[in-house]
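Read through the structures below before going on.
Both complexes below contain chain A, partnered by chain B and then by chain C.
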Partner chain A sequence: MRRTGGQLAMLVAINLFLLAVGALISGSFLSVFNLQSMASQVPEIGLLAIGVMLAMCAGNGGIDLSGIALANLSGVMSAVIVTSLFSSTESATAFSLAFILVALLVGLAGGLINGLLIARLNITPILCTLGTQMAFMGLAVVLSGGKAVTVGSPALLSSIGNDMIAEVPISFLIFVLVAALVAAAVKFTPYGLWLMLMGTNPKAAIYAGFPRNGVLIATYALSGTLSGLAGVIIAARNINVKFDYGSSYLLIAILIAVMAGVKPEGGYGRVICVVLSAIALQLMSSLLNFGGLSNFVRDFAWGLLLLTFLAVGRYDITGFIAPVRRPAIPSPPVPQASK
Partner chain B sequence: MTNFSKKLLAATTLAAVALAGSAGLLAAQEKPVIATVVKISGIPWFDRMNTGIVAYQKANPDVVASQSGPATADSAQQLQIVNDLVAKGVNALAVVPMDPAVLEGTFQRAMDRGIVVVTHEADNQMNTNADVEAFDNADYGAALNERLAECMGKEGKWTTFVGSLGSRTHMQWVGAGEENAKKYSGMQLVDPNNESFDDANGTYEKAKEILRKHPDIKGFQTSAGNDVLGVGRAIDEAGLSGKVCLVGTGLPNPSADLLESGAITAIGFWDPQKAGMAMNAVAKMLLEKKQLTDGMDLGVEGYNKVSVKKGAGKGVLILGNGMVLADKATYKQHMF
Partner chain C sequence: MTPSSETLAAAPSVSARAGFGALVRRRPETITALLLVAICGTVAVVNPAFLQPATLIDIGRASVVMGLFALGVFIILAAGGIDVSFTAVAALTMYSMTVLAQSILPDLPIAVILLLSTLGGAGLGVINGLLVHHLKVPSLIVTIGTQYLYRGFLLSFIGTVWIMSLPPQMGAFGRMPLLQFSAANGATITLPFYFLVLPVAALATWWILNRTLMGRAIFAVGGNADIASRLGYSLRTIHIFLFGYAGALAGLAGIIHVCANRQANPFDLVGTEINVIAAVVLGGARITGGTGTVLGTMLGVLLIVVINSVLVLVGIPSTWQRLVVGSFILLAAAFFVTRQRKK
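Let's turn to the complex of A and B:
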């Protein structure tokens, strides 16, 4: 696929450019510590963005708005359940493992609910996930009583949030590993093929005998599990979990997906582009914080970046790589309504 | 190919435009840097705090003091700013946490790196060197409620607004208010702890709902800086100015019209300008390895004789005496 190359090149160029600007304006921007700091900030939002990408690829207006709410619910529910079973200081490993397991299960369950509602009851994804988003958030409020729930820093969990392997934050390694797994699933399994083809033409997919419901449920379940994992990473980094954490992530995750060239109408998206796009947003936001600029400038810059990508996306991107003269006729004649 | 590079150039230039301004601000800095991070930037409360940071910078040229904050009220956004400042290598952080719990992990990492952490409006923060409070929160909540009770004639239905259920100081104020109202058997609390998210418009809608649901309501006690504006507007439009009492945290300048019309009975506040200066003063003292002692003078009005107690965690809790209650007659003395 040629067009993917264009988007990828563009994202790589932007990342390199941002790194270069960072190096130019502040010596400490490329310091190992800052690179680690930025790398450990990416996973939460990056995982959510991959979830949004999968939902978008499924087509038929697919989107997952419940991501961050489900991530918070996973963290809160897991913290409430697991702290009643284990002590985070005495049995640190058992606590950590149980916390991770329960959070992932809650994420999976939430995703399954989304998938079942969308596939079986044919609810429009945007409405369904808006509803479940509120339900998840409400449940997290009820479970936690509106307060932050303390997870603490038991050894294993704390090392996920704070430690490095070969100078790379563990949370970032987990993110890259999971992204690679999802990418492989999309590229090499029948599921991935079904997902993309179904997104391209849902009707044809049904007539071709694709397991439509199965693919939809699997997609949202996967997205939910990614949210659960994001919940684990949030808990590991912040020591506490709270129902309203990251309320701005909802739109940022969609922004990342669209910037990565994921087609909102379905059928196309690449995980590597989503990862690069998440990194680009992180670089830009850190850059502005380094520069001491107002955060309103950041919103402005993000918006500008998104519009640029959308504008560029309007053109045939293959034209960038090997310019091809397009036919002079701008569009096929619109069929007129006849009497 | 040229087409591609042109497009690429256009995209990168756009990004560069947004970044151009930052270059000038980043001259090499030898002096200790104290970075103030507020809950949300661009609202009157923290604009006022910024004037304090600017004034502090002028009075103390031997440090670099500046203020920043997220554009949206989200603890995750504030967390990112703090993370980036830690990575940038500031010497001290003066933070008004959106949510103290969310920042614990980052503060811990910052303190491990030898960065001084000072907080404000977060007396439950575990990982901080010092938390600076303008006053004892329970006293403040009780004082607001006492003023409300006085206006309501010590009877009738009343309700409370908080910024969010997770906002600890707000919950302490309304909690102390409820405690105070128990003294008066005629006061009946209905639908308490409405969340305003510090959004005047949302609060306005919510207050209208409450006025419809309880036509006989007599009082509102609000917490976040914009709540009095929203609730006040709802009272004003309902023609209930002077009939329904409204006492809450607010700033004199934005509240002036509603105070004049009688929609707001009284506003309580501490001067965020002074609080910002006090935070920076404490941060500087800690950078200079000075002792924080009970009864010391921070050199800021309202913080001339602070009490220093043991904090929630390893650090200390510093209480000033900066509470101000102002009504129609007195607000003009504090115009900001």
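Let's turn to the complex of A and C:
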């Protein structure tokens, strides 16, 4: 936990720096409209990144690659089911509520499948979520016939996607609220403690009598539910849902988590850092847009950035930037459970 | 009490099942082979068109590029890593090489083109290997990063134009026949020359894994990296070799892909990596490393190629393809895991 403060300080510094650069480049960067439009783009990817963070924290190679596929599946499945029950123009509120409920349930169910496969059958998380990613996407293709499904813009749903409360987009408020809830769960409940300790040393956690299966299932179920919520926000913002929306989100979600200092080998991660790093990434993306660079340059930059942050984590460069006292003796390497 | 006739009768079948179980544990690819035979049998019954030489040769042709990728993924998987950047390596080398052969060095012989793209792929692979070794993070995350890096580099700095007319020597290589005959309906069916590359690469990979010290080292690292390094294997050399070799195969696969399709599309290939990983895993290689065979990998590739191409033949819409492959991965994973636990 020694890097906690440093990472947070660095992320705050990066955000401020990016805002300053943006203000220098163009006066309209800090305009209310631009800030709002940036804020409304953060939630989808931010929610997925929190899911990736939780899976990584669980350790033993934990990762959730099925996030965006599950988000799209939630949107598509919910759209297909709910449009057959309600009309989005006549009973707007009922449609919206049903859509949100079904999408969240689909997300939860997908997450439970991941969790059960990983905890009960002992399938490696990479392999399992790779398989479910394909299966979820395939199911979305089958349900939608490979085409975009129209959700329309019923009042409640479209206000989630487009309206503001006190000049802040509602979707961003939802994101912050959910992030705060997850952060509280990780920090103050036994679940959070189990999750982090299990990620630090899975073998010791089993001998200490932690409910390993329960924690794993809860982690992936939570990640799945967050994907479902991301699916709702995607649908609310885009009117249509499609199986291959956001194909680059998989990398970006992992990039955000790594940038936030989440340890890929498990045991450490903070939700607030994930939120800040999602915002930083959005700022960078908008800056590149303002600079008139193509999406491909952005992909290149993301790859470079991910590797840079891995190097930062490896060589602990944060220590030079933020003045944090580090213990003289490095902590001994944690023995990994062999199976 | 004397054993009843029932238990006596049951005994041989139990031992037969144990024998089969032991076989599956020792050679998990048996299941892959059985599955492949079952699928082919079913399809042949439902739609006899499947057994025509044209279909079979199509399957053979389609498995070359994927097979080369799969060999690279397999050798990394055997050492306990994973690579998702190989498609980007292939795309970057194939497109740069095509541009080079088209506009700068038009007289480059095809052998040099193949060699250069293999070397180019190896170079990009070595970068992967160095990063994986020195950053000390799971290779999945590193190679996701390099995938974006390579592909972003390709699309932002080299070009986004779809090259439809290849340099003549590359087109000629793609058409060069190994085997040619006329089908019943008069159409000429060609098994192209480049098909040979796959068996050669498979043999080379088999040789490296089973007959050299590097092969020992790779499986040792896949079994337990700490112990392997204490035994004196240099992890750095192994990582560089692994990713370099996989990169070389990817580079070769990329240029063959271009020659076979007679066009170079910079947006191609990336996105197919999950299919390839699925093939390797279906071939019985454990994703945690230390196991697997070249034969199994080839069977896995055939399985995926067959599934991809026969769904339509038996009347299942192609939209089901992803769902079917995804379910196969999960089933195979669950099956292999439960088998290992009974040991």
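What to note about this one:
Keep in mind that, in the parts below, the second predicted complex is superposed on the first by the 310 of 339 C-alpha atoms of A that agree within 3 Å, B and C clash if a C-alpha of one lies under 4 Å from a C-alpha of the other, contacts with A are read in each partner's own complex, and residues count from 1 in each chain.
Assume contacts are C-beta pairs under 8 Å (C-beta built on N, C-alpha and C of every residue); 3 or more make two chains touch, one makes a residue touch a chain.
Because the structure is a prediction, the values reported are computed rather than measured.
When both complexes are overlaid on chain A, chain B and chain C end up clashing with each other. Using the contact criterion defined above for the overlaid structures, shared-chain residue A:Val141 touches chain B and also reaches chain C.
Of the two partners chain B and chain C, more chain A residues are in touch with B.
Of the two partner chains placed by the overlay, only chain C lies in contact with A:Thr132; chain B stays clear of it. In the superposition on chain A, A:Thr124 makes contact with chain C only, while chain B stays out of contact range.
In the superposed model, A:Phe300 lies in contact with both chain B and chain C.
By the touch criterion defined above, A:Ile239 reaches chain B but does not reach chain C.
In the superposed pair of complexes, A:Leu18 makes contact with chain B only, with no contact to chain C.
In the overlay built on the shared chain, the residue A:Pro202 is in contact with neither chain B nor chain C.
In the superposition on chain A, A:Val258 contacts chain C only, with no contact to chain B.
By the touch criterion defined above, A:Gly62 reaches neither chain B nor chain C. In the superposition on the C-alpha atoms of chain A, the part of chain A touched by chain B in one complex and by chain C in the other spans residues 141, 146, 247-248, 294, 296-301, 304. Only residues 6, 10, 13-14, 17-18, 21, 24-26, 28, 31, 33-34, 36-38, 41, 44, 141, 146-148, 150, 153, 161-162, 237-240, 242-249, 284-301, 304-305, 308-309, 312, 315, 319-321, 323 of chain A touch chain B when the two sit together in their complex. In the complex of the two chains, the chain B residues touching chain A come out as 1, 3-4, 7-8, 10-12, 14-19, 21-23, 25-26, 41-42, 66, 68-72, 74-77, 79-81, 83-89, 99, 101-106, 108-109, 164-166. Residues 82, 131, 134-138, 140-142, 144-153, 155-156, 160, 224, 271, 274, 277-278, 281, 287-288, 319-327, 329-330, 333-334, 337-338, 341 of chain C are the ones that touch chain A when the two sit in their complex. Taken together, the chain A residues at the contact with chain C in this complex read 61, 63, 117, 121-124, 126-128, 130-139, 141-142, 145-146, 247-248, 250-251, 254-255, 258, 264-265, 294, 296-304, 306-307, 310-311, 313-314, 338-339.
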